[in-house]
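The structure that follows is given in the form of structure tokens.
We call the chains A, B, C, D and E, going by the order they appear; numbering starts again at 1 in every chain.
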Amino acid sequence: MIGDLKTRDLLLFAFVALLFVGTGIVQSWNVSLTILNMGLISAIMALGVNMQWGYAGLFNVGIMGFVALGGLGAVLVSMPPTGQAWADGGLRVLLGLVLGAATVVAAVLAWSRVTRFRGPVVVAILVIGFFIFRAVFDGGVAAVEAVDPASTGYLGGLGLPIILSWPVGGLLAAGAAWLIGKTALGLRSDYLAIATLGIAEIVIAILKHEDWMARGVKNVIGLPRPVPYEIDLQNSEAFVARMTAWGFDPVTASGITVKLGYTGLFVVVLAILLWLAQAALASPWGRMMRAIRDNEVAAEAMGKDVTRRHLQVFVLGSAVVGIAGAMMTTLDGQLTPGTYQPLRFTFLVWVMVIVGGSGNNWGAVLGGFLVWWLWVQVEPIGAALMQGITAGMPDGMWLKAHLLEAAAHMRLLTMGLILLLVLRFSPRGLIPER
Amino acid sequence: MSSPYEGRANKDASIVKQGTRSTLTPGTATGERTHTADAFLIGDSMTGGYGSGADILHDCTIAVEKGEIAVIVGPNGAGKSTGMKAVFGMLNLRKGAVRLDGEDITALTPQDRVAKGMAFVPQTSNIFTSMTVEENLEMGAFLRRDDISGTMAQVYDLFPILKDKRRQPAGELSGGQRQQVAVGRALMTQPTVLMLDEPTAGVSPIVMDELFDRIIEVARTGISILMVEQNARQALAIADKGYVLVQGRNAHTGTGKELLADPEVRRSFLGG
Amino acid sequence: MIEVTDLHKHFGGFHAVDGATLKIEERSITGLIGPNGAGKTTLFNVIAGVLPPTRGRVTMAGEDITGLPPHELFHKGLLRTFQIAHEFSSMTCRENLMMVPGGQSGERLWNTWFGRKRIADEERALRAKADEVLEFLTVSHLAEQRAGEISGGQKKLLELGRTMMVDAKIVFLDEVGAGVNRTLLNTIGDAIMRLNKERNYTFVVIEHDMDFIGKISDHVICMAEGKVLAEGSLAEIKANEQVIEAYLGTGLKNAEATA
Amino acid sequence: MEPLNAFVTFANFVLIPATAYGSQLAIGALGVTLIYGILRFSNFAHGDTMAFGTMAVILCTWGLQSVGISFGPLPTALLALPVGIAVTALLLIVTDKTVYRFYRAKKAPPVTFVIASLGVMFVMNGLVRFIIGVDDQRFADGERFVISVRTFREMTGLDEGLAIRTSQAITVVVAVIVVAALFWFLNKTRTGKSMRAFSDNEDLALLSGINPERVVFITWLIVAGLATVAGTLYGLDKSFKPFTYFQLLLPIFAAAIVGGLGNPLGAIAGGFLIAFAEVTITYPLKKVLGYLLPESLEPDGLVQLLSTDYKFAVSFCILLIVLLFRPTGLFAGKSV
Amino acid sequence: DGHSPVKMGIILGFTGPLESLAPTMAAGAELAISEVNAAGTLLDGVQIEPVRGDSTCIDAAAATAAAERLVTSEGVAAIMGADCSGVTGSILQNVALPNGIVMISPSATSPGLSTAEDNGLFFRTAPSDARQGVIVTEILQENGVNEIAMTYTNNDYGKGLADAIQANFEAAGGTVTINAAHEDGKADYSAEIGALSAAGGEVLVVAGYVDQGGSGIVRSALDSGAFDTFYFPDGMVSQALEDNFGSEIDGSYGANPGTDSPGAQLFQEMATAEGFDGTQPFSAESYDAAALIMLAMEAAGSTDSADFKDHVMHVANAPGEQILPGELAKAIQIIKDGGDIDYVGASAVELIGPGESAGNYRQITFTDGTLEVVGYR
């Protein structure tokens, strides 16, 4: 797999590795690992987006929604169930949902089966169904949300190990992607983009509003971890003894140990996904996808079922993003729907893919690491830049004060400049498609 | 009819040829130099290719005299289109020069060449698909400041079908209709040199005949025509000069008749 | 083989195909001619499932195929080329050909991970086949070239080459000749006839080059204004006054004067 | 009286605000749609361009106010517009020369432009915050209302009032003028047509003697005008805050797309569709029905289809439905 | 003097939706720091160096990374921050807790944080919104209001506060006609105003941020005549209301954390002298958070979080001599001399239960276009 890389690509990876090592030396290993862990997750997200865009030319700008769904998976799998809430209204909520789904299915069936008065019949089904749904559902929701709203007020999860939520998050995202794909994949380029953007906003709106599901904007915090807690390590005599023996500060070492635990898990996931993605891309399947991307009409005439392939790759890519989303929520230890912003979770991932090199899995991965590193490090870089610029100015000069005050905003500015520079000198990405 | 071509249409072609300084050496030997150095339009010893890729043209010379028709033929991928693009400045030449009426225009941008009276119909994507047929023609006359309605009437005259379709987006036309729009667009510039890359590809026989007729007429008004053709026998029949390109090099050069008569050329390039 | 009954395709108020009825015999090579805008390409597009018909019926070997999507028609053995070349521009010419055959086991994701041996074998065969086709089209040297970076005529050749990658029942060729060198076109004509004889392909060929039509086709249909104007052998068609007026014309007026 | 009251309530809380908001979105969407139509990419920096333009106008307005110049009942900012537009145009053209031109020459795919515009967005974002800061800035002066609720009530003697703000009125008028002018410009003038030609087929435009740099220049000029006008009108109506302008990007894009990218009429239609969707669908009919229905039938609940939490979701749902039936928007837009 | 400076992290949302609040909050904290530094007596000459970090308010991952850098790379001894409840929770769990760093938030008010696992490291100088719900109900009822419409900023703060208000108000027999969220930083609030006005109510409770959607809501409500009396909770009460609306909101009222202790006044004077607006929300709380950190250090005789975390409650609460802003040097001296202090500070800090401000509220009203303090509770 590594054999696909050229010397130049290896050098680029070495450079990024150097950035992380440098961070470890100059700042601290804890910082370096923190960035690395999110970098791994970003790389997976970028991989997922690259499948959709790089392979098939699907302009998905709804990444945020799939990340969030993955996160929802983490809550649903790992949090303990709220017994009281289930007792008070849980079943009613579920019944409501089933009724709602049944309404939609009935409407769709009616649309395809009924021949006379189709419109009115469908509308009637939808309206009646909506009211029944609201009647059943709203009551259940109210009951669930009334259960100690400050700390629970939701149904809780299954109380399973959180690692299980990674595939589950992927499945949730895949399910949503399937629904979306079924309806929206007929759209081209920017139209598909805005549709997915909208759907992502809808997903977030639901996450924010439906408190019974995952506490909405009140957030779920304190998710269980797949790795030990630092405190436990610090309290473990064996650990402290060993670290002291090796000459490490136990507190720092506990942080590093935990982070390395995450790193290990994430690396395994990334490696598996990358292998799968590379194998697929280098096969006739990948060739078929590229053909579809190049020219749908011709691919269709050559017997390729474009719609199905689009759906397939859309679902797969979204699933990968969902997995990353669940991993991210695991790492954060909390689900905070308010933090899902398109800029951070959609456009930044796009930047990763394009800067890395769309159509190239290794490029996407590299982009994930590099751009995330930058995203975190532009803050000190921007501040340092301002320090440097103002160093020559006399103290108390208005410009100096103004510049230093504005240092925080240099963060985005620096990000923008770096992005433009990379794009300028490598317009097809750092590791372009071959 | 207020055609500027009017009255000249059926004059003997030999009139036009007077004063041409072409001293083509009869015969078809490869690499034989013809005296074209001071032709009206000449792409002289052009060498170059796309971007930083390998050279496509190798020391290739194409020229056309005022009022003459020069036809380029050759196998697919020989570099005919590339040669045309080179003459029109859409390619960076590594060697060689392009001269128009004695002036070196090698460094000019395509739109400057348009201003100098050159017009070009590329082989592919040669119309504005989202614009109506009429707007396509208007765009052809973009640099003209005078009244264009006369020229437009002539184009409609030449391609009557376009008149019916003038309000339709050109992208919705049939293959042959598009081709007609493309040629019409170039005619709208009222050029002194008209360069056509396979203008008859996909047009029906009757339109092709019309087109060749009109090309002859146009040439007789003193306009130089440089065209690439795969309908080579018809094209060479009306050509004053013919070039056979093979792999980016001048393989055979001669008058149209000479090339038509050459059995080797016929067999290898004109389909027997 | 193919029967088209009272087929209509309207664009807004414009009737591009206006009640065409025609029949393509099995194992024939039918020439389809007609003035620009006669509706030939549109007819192809409707038959091949690219455009939904406004009205009418298309059957293939007795089976109703009206409105089936192109990819299903492909698997039924119906292939077509495009008048304006539709190459896969970022792929090499060889890949352009190799992607064509349907049912490749490597097109199933599962196999790309767990059936790599089988894929490798298949790929080897495909590659050989593709190279053969390239060779035949005299463009072997372009095997590794991106299809977006070849000449206009070469793209047309590639179009044709794709239909040669599989065993088709019926092939629709939309002006394969336009832009193709005449010497090469002769060779292509030979190939078409050979495929027809040896492998029983049926061909429908749109072409404006009467020499080519004359050389290969046994039956010619001339369309005009969306309808079938005349039908018969080329000689018959050429003698048809209406066809001459609408399509063939009477030759160059000025050519003799010039030459 | 009752039906009148019902209508006035509805007008005051739905019709007028949605119309004004729709016009604001429309002018913003026009800019997006124009860039898409001519330069063929989705410009994510448009929100920040609007912020920049508005900032320029604000600074100039302050200047004017400090020397005592005002525009009677109309906001002084209108006087400052030309300056703002000029400054913005300069910025855009410099941006084009330093960023986009390179990719044009390389014939880079549209997505490269989109990502580059993200970079530009970040930079402009920093620039604006650097110059004017992150806070709210208010610069509206002149008469705030054409008619205020109180005046209306006094005039008509109705229970319900109705307000029309000056800024709302100006916005609607400007939107209509601008779209008409743009439509005329693109479809009827030589320059406009050459711009469309350029967007259609750049190489061929070159062969027709169209100067691509000039087309690009004019495009940015118009975009600067549109962005500054849109930003200023919005700022006058609400207030200026860089972050909000960034957030405006989403509804603006939604408007441009639902209307059909590249189509000026579409931008207008899209703006209104999005605005009305947001405002109408979540509007509880309780009060209106209260006026219309007899006492006994008056509703207890809010009679609200969906809570306002979903207002954004609703507008996107409508967008989706429109796209499902018309895949390139209401007014058949382009797609690259 | 041989001491290398000790660093204190100031993690606030310098960029993002609360970027306009962050500068005055940071200035508040840095004011306390420079006051202590000027005295130079902390732990016999330790200088405190503030290091800023960007919490972005919303991006948990970026906030965590910034905090991680501050803690493990810059080596800050304590964190003053973060501002928004969401990122505060995540920094607490992912950085402060693992590294054993004391964290005092000046503004995270989500009730959920009261029960968060914190190992005794987390404090806040702002009260939990659970308390505010009670206050709001009291004030409204005293004003004879029985029917309110309410809108809240759609985050854990807004939602938590709105829920608390609704629960209390309804328990006291009032009616909440509608309780609708609004998103901050959005372009238009016509839809929200439409819904609020249709639902009706005597007073509109705006549980938002004054320089975010909150002002937008008030603006639209006034312009369209939907409401003319408002209740403003803590996120809204500020000078900005006066500037934005002047006498248009006469008769409206509200309350925010604050006391009649002279501390608040003092702090504002100090802030003005320093060149920033001390009345901005949570600026005073930031001053107090930073001050508490330093005083606890002094009390513990150490800058190690593990040591001084147990002293925070102690210096903040009675018994002891009351300490106001500007008296930090005096406080240090008292501790040095073995005395006891009761830090009151700019916001009348009184830490209760899990280490959060007990909640003193300053009741205000608007008359003739000016904000007037009418009482404290």
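In this section, a residue touches a chain if its C-beta (ideal position, glycine included) is under 8 Å from a C-beta of that chain, and two chains touch if they have at least 3 such contacts.
Here the structure is a predicted model, which is why all the values come from computation and not from measurement.
Steps from chain A to chain B, taking the shortest chain of touch contacts, total 2. Taking the mean of C-alpha positions as each chain's centre, the chain lying farthest from the centre of chain C is E. Between chain C and chain E the centroid-to-centroid distance comes to 74 Å (mean Cα coordinates, whole Å).
Per-chain CA centroids place chain A at a distance of 31 Å from chain D. For this pair, chain B with chain C, the centres built from the Cα atoms lie 29 Å apart. In chain A, the residues that reach two or more other chains under the touch definition are 208-209, 409, 411-412.
Every pair of chains meeting the contact definition is listed here: A-C, A-D, A-E, B-C, B-D, D-E.
Residues of chain A touching chain D in their complex: 53, 59, 183-184, 186-191, 193-195, 197-199, 201-202, 205-206, 208-209, 342, 347, 350-351, 354-355, 358, 406, 409-417, 419-420, 423-424, 427-428.
Note for the complex: chain C touches chain A at residues 48, 50, 69-71, 74-75, 79-80, 82, 86-91, 95-96, 98-100, 102, 104, 106-109, 111-113, 116, 119, 122-123, 162. Only residues 276, 279-280, 282-288, 290-291, 293-295, 297-306, 312, 316, 433 of chain A touch chain C when the two sit together in their complex.
By the touch criterion stated above, chain E contacts chain A in their complex at residues 14-15, 19, 22-23, 52-54, 58-62, 64-66, 68-69, 71-74, 85-87, 89-90, 93-94, 97-100, 110-112, 114-117, 119, 130, 154-156, 158-160, 163, 167, 181. Across the interface of their complex, chain D is touched by residues 16-17, 19-20, 154, 178, 180-183, 185-188, 190-195, 197-200, 211, 215-216, 219-220, 223-226, 240, 244 of chain E.
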